[in-house]
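Next come two complexes built around chain A: one with chain B, the other with chain C.
Then we have the complex of A and B:
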């Protein structure tokens, strides 16, 4: 059989999916990036190679996420796409007719407005992390609640407490106050979900026309409390797609499938890329007062890519990798 | 007297020419860089916008090169920029710098007010000479703008990435180096260089850049927005060019035949009928202008905490709903991490390309 691979290398997690010939999601792997994207991609490739059926030919590879260029070079990607296009592609194909995508990950959050299957508008969080998953992570740690149990517990709440959601620091002092007043844990957890939803809608969703069907994806969509808080705030049913936590990777794989269907051969380097010796180093260029931090990636000792310079002195001096 | 001034894109080329013509010694600060920003932010109020921090950094670097007098623009609108010259001067005094300050403010009533401020710098030069100097500086600004416009058209079509920017740098240094009386000749040579950039014919997307003047004009502050969009296959135009701004605000529209911001003010009427400071009203007018011109999309750019542009930003969704024109806002500050920025630009360009492809299918 033939299939496609999608890589989503984010700051928190690295997701890899395998799609079959029809574009269905067959396998997925979820790993922590741990700030080291190269080993994460290699480990992920190794794990997925054990999951794909024997004698599978990989016809295309797509990479997305903030580490997409790095991942694309390591694996040999046919398409290197930004997260927004990838997420929108996946949800518009898996949930036909979708008009709004709410995506909340560990470090960022975005809203994508689709009309007739194409992106009409989008926004990402700008100045603050209060509207992201790390907000819940931090407060959960303070309350000694496992993040996995967070949603379930919060659903037991009968009257969520009001917590200021504008800023994670304000929220924390607000929450401590409510704790000391003797409020119940589920009520506090439900209050936190509502605070996050308020912040998200006022910040990322500001001025956007949120109409249904609404899809909620990204790691935070695992939290049932968040889903119900969104449903209460928007007064709309919220759809959580089956592969909600790997939608970026799914979208990238779909885009790779589209790309090679025009007859292009794949640039995939094979699962052997997991064993190749990739090394990244960085240095500060002292050519001008910008002191750019240049990153240099080498494969088995040979420099294959550089980036991070404003003027192109370093990045243009290695053969360019074509980006689809 | 050694005069310096803040950087804002290629403003230095025209100011330097004007002052040198009048026999005034100038110190052009080193181009704005991370070092400039580090110096500036270290001594600025944290809540000030990025232009203040870069101005301050420019003055500190110019002082090391011997500058002792600052020429700085002012203003009297609701935007706090009007007060920056004085604030920056006080900060510099507190840090022990010994600078004299001359604020060039838009004349409230008559151009003579501007001339008397210029007098302070030019001393006893005859008026005719002063006017010639100003005209000369303005002509350089005009030449610079025309070359930048050529670069914006060429970038998405260039055969090898980077060729346009190499050519633009060469063309600009010819204009910068041109002496009085030789400017026309220099401009002909410079535009020839731009003309020679090898290009491929292909369809391009067109994006209008609107927003706050400093972040529009200074590539360091907007993380090379025009270059990045050009590489993504986008032809850009911006709502503000230096020469147009000078004509509008310093000459009070004296030069005819140049696009003027009064056009934007007129076009902004359905959305914002009142001056809100800075270029807030023009941002909406320019958005309407690009919509009328058949552009594919609009990007608004502003420094974090910019009040006039925040007003415009909150009206833009209404404009976008009425016209169907995609609009994206980019906010810049001290951050230099570019990945989030690139993600937004790429996604916006994808959006416009998809939308265009869909339109063609339906046509």
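Then we have the complex of A and C:
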């Protein structure tokens, strides 16, 4: 059979999916990036290679997420696409008629407004990371709650406490205050979900026309407390699609499938890329007062890519891969 | 010896440099302009300025720092008003004072008021006073002011014909360059010191042009067009730059040749938060043009800008494709 690979390398998780010829999601792998995207991508490729049926030919690879360029170079991607377009592609094909996509990931959150299947508007969180997955992670760890149990526990709340969600630092001190006052853990957790949803809707969703069907995806969609807080705030049913946590990768794979269907050969380097020795190093260029931090990626000792320079002095001096 | 006048490439530089340069050269001075913003300038700016200032003001501090040893005078006029009945941001008013307080080892500072709040013709007297600081010949000053006025008129005409101010400054720039030949045009709305400073906006205009997009900006819209569009607002916008941004954006929203609008705002800019809102609401009401808001701050990373711009261009592209089908 033939199939397609989608890679989504985010700040917190690295997701890899395998799509069959029809574009259906067959396999998916969800890993923690742990601040080291190269090993994460390699580990993911290795895991997915064991899951794909034998004698499968990979016809196309798509990469997305903040580490998309890195992932794209390592795996040999045909399409390197931003997260907005990838997420929108996946949800519009998996949930026909979707009009709003709420996506909350590790370090960023976004809202995508679709009309007739195409992106009409979008927004991402600005300078503030309050209301993203890593803040929930951090608070769960502080309260000694497994992040997996967070949602379940928060649903036991009878009266969620009011927490200021404007800023992660203030939200934390507010939570500590509430906890010292003697409020119940579920009430605090539910209050935190409500605060994050409020912050998301005021900041990311500001002024947007949130009409249904509303899809909630990204790693945080696993949290039932967040889902129910969204339902209460929007007074709408929230759809959580299967594969909600790997939708970016699904979208990237779909875009790769579209791309190669026009007859292009794939740039995929094969699952052997998981075994290749990739090394990244960075240095400060002192060619001008900008002092750009240049990242250099080498494969088995040979430099294959550089980026991070403003003028192109370093990035243009290695052969570039085509971006779809 | 010729007097050297240092002019920072910051704040309203892109609006008035043809006037300022022609004027100072007309009275026999040499004009030294600071280089393009770079990391060193930004770092110095951050170190020297007050924390509450917005990024463009911080950047301007850096430019002053980098000019101070290269000129006999630094020209940082107190820009109160550049249009009758309108104001410039208060941070600009206070800029010369903040510089005097925070930058050590300054040469002479020319910080005369530029205030056209009452009438435009007050500008003549104000520049006459500036000229008298350096030049003893009143006829020469008068002539320099006249020449400066002509220079800014020529510059405005070039800009209003569609040339970017940062290119129009360069008189050798050929107008039939790479611009103007592309199918898709995007309008970039923002303060000139944000949209033409490729360091602080992380190469926004170049990114668009490299993606095959033709760019028009706030400054390309003639004054009359701007005023016709803001005339319908309930209340007069008394910030000159804000009025220009809103009027230009409204004009672009109604222009069939424009495929999308990018609003570039400074984090912590009061007027921007309001003009951005006015533009976004209208864009949404009309609903036919993709709109993107980019907020710039010293922490702005390349990834954030790139992702947003790429997604915006995808949105513009699919919309155009859908329209063709």
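By definition in this document, the second predicted complex is superposed on the first by the 324 of 324 C-alpha atoms of A that agree within 3 Å, B and C clash if a C-alpha of one lies under 4 Å from a C-alpha of the other, contacts with A are read in each partner's own complex, and residues count from 1 in each chain.
Rule of thumb we're sticking to: contacts are C-beta pairs under 8 Å (C-beta built on N, C-alpha and C of every residue); 3 or more make two chains touch, one makes a residue touch a chain.
Owing to the predicted nature of the structure, the values given are computational and were not obtained by experimental measurement.
After superposition onto chain A, partners chain B and chain C are found to clash with each other.
In the superposition on chain A, A:158 makes contact with neither chain B nor chain C. Applying the stated contact rule after C-alpha superposition, one finds that A:316 touches chain B and leaves chain C untouched.
Under the contact criterion defined above, the residues of chain A that touch both chain B in one complex and chain C in the other are 66, 81-85, 116, 118-122, 124, 126-127, 207, 209, 288-291, 310. The touching residues of chain A, when paired with chain B in their complex, are 66, 81-85, 108, 116, 118-122, 124, 126-127, 207-209, 288-291, 310, 312, 316, 320. Remark: chain A residues 66, 81-85, 116, 118-124, 126-127, 207, 209, 288-292, 308, 310 touch chain C in the complex. Chain C meets chain A in the complex at residues 38-41, 199, 203, 267, 277, 280-281, 284, 287, 290-291, 293, 295, 297, 299, 302-304, 306-308, 310-311, 314-315, 318-319, 322. Those residues of chain B lying in contact with chain A across their complex are 30, 33-36, 161-162, 224, 304, 314, 316-317, 320-321, 326, 328, 331, 333, 339-340, 342-344, 346-348, 350-351, 354-355, 358.
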